[in-house]
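This is the structure, below, for whatever I ask next.
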Amino acid sequence: MALDIGILGYRFMGKAHSNALARLPMFFPDAPDINRHTLVGRDEEALADAADELGFEHTSTDWESVIDEVDAFYNLGPNHVHAEPSIAALEAGTPVFCEKPLAPTLDTAEEMRDAAADAGVPAGNAFNYRFVPAIRYAKGLIDDGELGEIREINGRYLQDWLVDPEAPWSWRNSKELAGSGALGDLGAHTVDLARFLVGEQAGEIDRVSGHLRTFVDERPVPGEDETREVTVDDAYTAQVEYENGAMGTFEASRVADGHKNDHTIRVHGTEGSLKFSLERLNELEYKRSDGRGYETILVTDGDDPYLEHWWPPGHVLGWEHTFVHENYEFLSAVRDGEEFHPSFEDGYEVQRILDAVERSDDGGEWVEP
Amino acid sequence: MALDIGILGYRFMGKAHSNALARLPMFFPDAPDINRHTLVGRDEEALADAADELGFEHTSTDWESVIDEVDAFYNLGPNHVHAEPSIAALEAGTPVFCEKPLAPTLDTAEEMRDAAADAGVPAGNAFNYRFVPAIRYAKGLIDDGELGEIREINGRYLQDWLVDPEAPWSWRNSKELAGSGALGDLGAHTVDLARFLVGEQAGEIDRVSGHLRTFVDERPVPGEDETREVTVDDAYTAQVEYENGAMGTFEASRVADGHKNDHTIRVHGTEGSLKFSLERLNELEYKRSDGRGYETILVTDGDDPYLEHWWPPGHVLGWEHTFVHENYEFLSAVRDGEEFHPSFEDGYEVQRILDAVERSDDGGEWVEP
Amino acid sequence: MALDIGILGYRFMGKAHSNALARLPMFFPDAPDINRHTLVGRDEEALADAADELGFEHTSTDWESVIDEVDAFYNLGPNHVHAEPSIAALEAGTPVFCEKPLAPTLDTAEEMRDAAADAGVPAGNAFNYRFVPAIRYAKGLIDDGELGEIREINGRYLQDWLVDPEAPWSWRNSKELAGSGALGDLGAHTVDLARFLVGEQAGEIDRVSGHLRTFVDERPVPGEDETREVTVDDAYTAQVEYENGAMGTFEASRVADGHKNDHTIRVHGTEGSLKFSLERLNELEYKRSDGRGYETILVTDGDDPYLEHWWPPGHVLGWEHTFVHENYEFLSAVRDGEEFHPSFEDGYEVQRILDAVERSDDGGEWVEP
Amino acid sequence: MALDIGILGYRFMGKAHSNALARLPMFFPDAPDINRHTLVGRDEEALADAADELGFEHTSTDWESVIDEVDAFYNLGPNHVHAEPSIAALEAGTPVFCEKPLAPTLDTAEEMRDAAADAGVPAGNAFNYRFVPAIRYAKGLIDDGELGEIREINGRYLQDWLVDPEAPWSWRNSKELAGSGALGDLGAHTVDLARFLVGEQAGEIDRVSGHLRTFVDERPVPGEDETREVTVDDAYTAQVEYENGAMGTFEASRVADGHKNDHTIRVHGTEGSLKFSLERLNELEYKRSDGRGYETILVTDGDDPYLEHWWPPGHVLGWEHTFVHENYEFLSAVRDGEEFHPSFEDGYEVQRILDAVERSDDGGEWVEP
């Protein structure tokens, strides 16, 4: 019995997930069989082309009819359309997989979390970096106590696609459509990774101080002879304090010249340290308790996380492989009726931190999430 | 009209190419349509399982019947079975794509080259590293004269899977089955990349001095209570001189502890320099004529080679993407009746160098290829 | 006419400066001639040994008598003894060179600044990292506008000598004697470097949010069978906002396992970016406006700052060379009656930021320095 | 009783050693006391200036009179003036410290070695890179068997100061004055380091294949309106085989654009690997037998070689510190009447390899040193 998948959204994330679905049979033969059943969008022509390219059997401009028909519903649209279809699907008992961040506002995220809790079916929030083998390996080290007690964690996510003031306006520059800018788009990844890596050791984040900034106030609208206001942050910084007293800084920028997709995490414990950088995602730098410096580990051995499914040691994976792993885990959970993480609950917890960063920025003081 | 593909071999390379074929429609929509038609092997049961996993319609234990039925024949078996089926397919007018190195001996490689020349159909030799975007970008710089006249080129390919004397014997340790060891398996890649990168500027390699060495003389046979002799090299070194006077060293090892798949190329010209390392295959290090040091370029921008087909800047590719690019180029050539490189001719030229390295090692003197 | 130098303090910093003085004649022949005149301390025996080792003509346990005798007075003792002798020397019209941070409290730092202003002689605060050639080179790029408008600056200074809870107590763990911990010891360097690099472009720091933390509350007293309380921070983090709207994070730690002296600065502007790391102090990473990635510049060419005084390109300098450059500049200013930076005024400005970080930590809100 | 030192040569090497001598008292108090007694040269005026700068008591244009007067004679002139004064000094029973390579020809080097053997006093050949702390640390690992049996060793030394064909002619471009080019100047360092590091494990080099090349045939003479012929190599490559069967490549270049002083050594053993690069001379990369990748060790801890004499961990040393260590060891040997390595014997052994590389290049075949 194959699972029928419906996907809303056919651009960047639509392609990333469709590709992942297409690759499961060859590399994860124990994954559920799936049908790329229905692709959902608004523009019928573009939709037809996309369905053809991405290998979907059907298209629909009406997500409401789709959520009942499929065994799992992927909501990969812009942030402001995450809530309604996701909640409706969950109310229909259909497992949902939703892109991150969960919602433009914390209230909406809470509704989504509650809907997931009520539905009792897997509701995944697509923080794909949890599925980087090197990150899984890092989590294993931390969970095994190899770093001792966690004292410091830092994350920064630097991109430069908005460094040019003439870079075009898009929905990602709108508070209404996106919720926030670098904070929600990039910072959400950092917060989720931090929770994933050190949550069991350091607990949740207790206190936050945040700072958001928009460097370019308006941007040209593509194809039009006008500019539109930028209502989200180009960059944010934050300080955090964990339940166990661990501390750290988070930051992200879309105007950091020379950085394309530079998501870097550092963790220092009483017994060791770790560094990870997304642009070299096959590598983990690890300071062992009995070592003198960081060891550069190429996490591509057969017994590394997910690696038995791929190639021999040293044959590096790419960014997109994280989606294959993520879909494998999510769809297995759907088939087996098990929990999946990162869940809507996880997504909501991330959003509580993001919201706290914004509230702190508004008030100029530390706040509790 | 879709192209029917027959593939001999269903292990590492069989999977790498099958995956590449499966991914073409979504990412290279202008590639020819293809059918994964027939998978060829000897063990019917394993073959059936593999065909299922790799998405083939048919299986066959008789390659002779397949070469007439398909529009392209992929020979991905061990080196000693490259020649006969490839030549037969070419004589049948069927385009052939053969794994590297072309053949265990130079004589056999020459027969294969001649068969390709007679057939007048694309005959590709699968040196996939030509299809790394950073390598294509590097070649563009060299061809545009950005490095000036090429003076030095160095290549080393380090692995460590045989560092342990108890690592098991396989066909790759047999001169009869593989032709040579590190030299043919790894050195062939280095020689091909060197030809690809600097061939137009520096000409062919004129003279070679070589050295081969086997550090572990016998290895245990898996599942048997005995050892078998290692008749190939664990490592080689070479010095080369080009037509234009450029010089360099090549080396490879399967016993270089700490190196998984470390293929590193350096090129120094009168105006600039380049460094590339396969374990960080999205990066190219480039010393410009007006720069002071090496610039680390993440070759993932939309106008970088092949990148418009994939993801936004900074979303890194993996090792396997080289096979997608390679298959795209080969199958486009098959459809359009155009030349494809690296060809059997290229593979033969590589093999002339490998053969010269061995002859030089035997005689203890520089030789001409 | 040689300048007579008196130095208070003969441990780490005493040796670093004495060495610098000793090296000036050979490498900076246009520096003033100097006599290592008097070494000041409390323990006569240790002092005599140190004077012998460090090449001083005289010793004294009475700094008050020395400040009149010498042409420049170096105050290299612990932080809590910076103020009294420095102020007395300045009141006597003797130029003063004082280690950083200026004082344990902002009030005291203000007194020292005022004394320097009244004295009208050079009063230097020894932020030696301003004198790293790569940092000077970086400042040149920023001042020349090569980075455009500065938007983001980040600095972190990681050490690990207190990661072990059994590491011994010293005056550096006492609020009374040191003022603060990682903040004053390491953060002071970061704040000074940030001011030096981007001050002219971004202005001063307008607002600060800070966080201090002590992970190990008490430490063993060497040679005694007891522990003593740690009353300073093991680590701090801060967020900063500049006059021009630039933003950033600062942090330092003495418990960052695997980091010895890792002071890293990043600057992002509208036209380019820079990265510097103290453990590789001969290198600067520079993203040019017309480049694609960071270029690793070895700042050792003859026309790089201070390099004409040293060795040919590629013959790298060490940490201690910064003291030679610093002393060269300070003593030249003393001889020529010119201004020297970093001055007590600079040191006071640094301390205003450090004080603001502490006040912010106390109050849990952003504060103005 | 202080040792009187006479030094022939006052340019680059003269300054490097004079500085080292000047620094011994402060940092190596157990070194012999020394007087910078007499500086020897030909140009009286330049000599007087240099003696003043470098701190020498006397000058002389007559080395013959000096060799009897001093307790140690440093021969730091160009290669072609190494032999006569060194041999004369040794015959006078005066310890000699001579720059590398020992002599322009192997015959001359042999004479120097024999003179040293007859004299029975320390005769040092100044291969300063043996005195890099990270190299000493590496040797310790190898000697302790941490790398197991040595299988592969590679060394390359890249500079770019002759990449420009207009770079001026100097004695370093003359076979008569220098013996060879990149081979003798840079390759000598590589061969010595290789001997030092793996000699005890792998034995001496048994066989060599070499290749020399001059890319720029003539260069302008500074201050004159003419060019002069370049009669030495701009670059060399070599393959080597050790007594124990270990293999490797060596290479050096003065035309490797983008490389200033890039001396890189790699060693692979059956149990581990090492990498060292001179431009980051405080670091050693070490693959342990129980590790997964290379660990970057900052060799600046108090118990690292020579480090107790310098600064706290993480306060990096520079290139010139190698000379301090080297002089400390040499002068201690002079005082104590003990052996010093690298000796003239070591220098001769290096030269045997260099000579073999040249003979191999001439004959186009492997040769024994």
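We call the chains A, B, C and D, going by the order they appear; numbering starts again at 1 in every chain.
We adopt the following convention: a residue touches a chain if its C-beta (ideal position, glycine included) is under 8 Å from a C-beta of that chain, and two chains touch if they have at least 3 such contacts.
By chain, with names taken from UniProt: A, B, C, D = Gfo/Idh/MocA family oxidoreductase.
The structure presented is a predicted model; accordingly, all values stated were derived computationally and were not measured.
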| item | value |
| --- | --- |
| Chain pair with the higher count of C-beta pairs in contact (B-D, B-C) | B-D |
| From subunit D, the most remote chain by mean C-alpha position | A |
| Geometric centre distance via CA averages, subunit D-subunit C, whole Å | 36 |
| Whole-Å gap separating subunit B and subunit D, where each centre is the average of the chain's CA atoms | 41 |
| Approximate Å spacing (C-alpha centroids) for the pair subunit B, subunit C | 54 |
| Touching two or more other chains - residue numbers and ranges from subunit C | 259, 291, 293-294, 298 |
| For the subunit D and subunit C complex, residues of the former touching the latter | 12, 15-16, 18-19, 22-23, 25-27, 29, 53-55, 159, 161, 259-262, 278-282, 298, 300, 311-321 |
| Of subunit B, residues touching subunit C in the complex | 291-298, 301 |
| Residue numbers on subunit A that touch subunit C, as the complex places them | 151-152, 154, 156, 163, 165, 209, 211, 213, 215, 235, 237-239, 241, 245, 247-249, 251, 253, 255-259, 268-273, 287, 289, 291, 293-294, 363-366 |
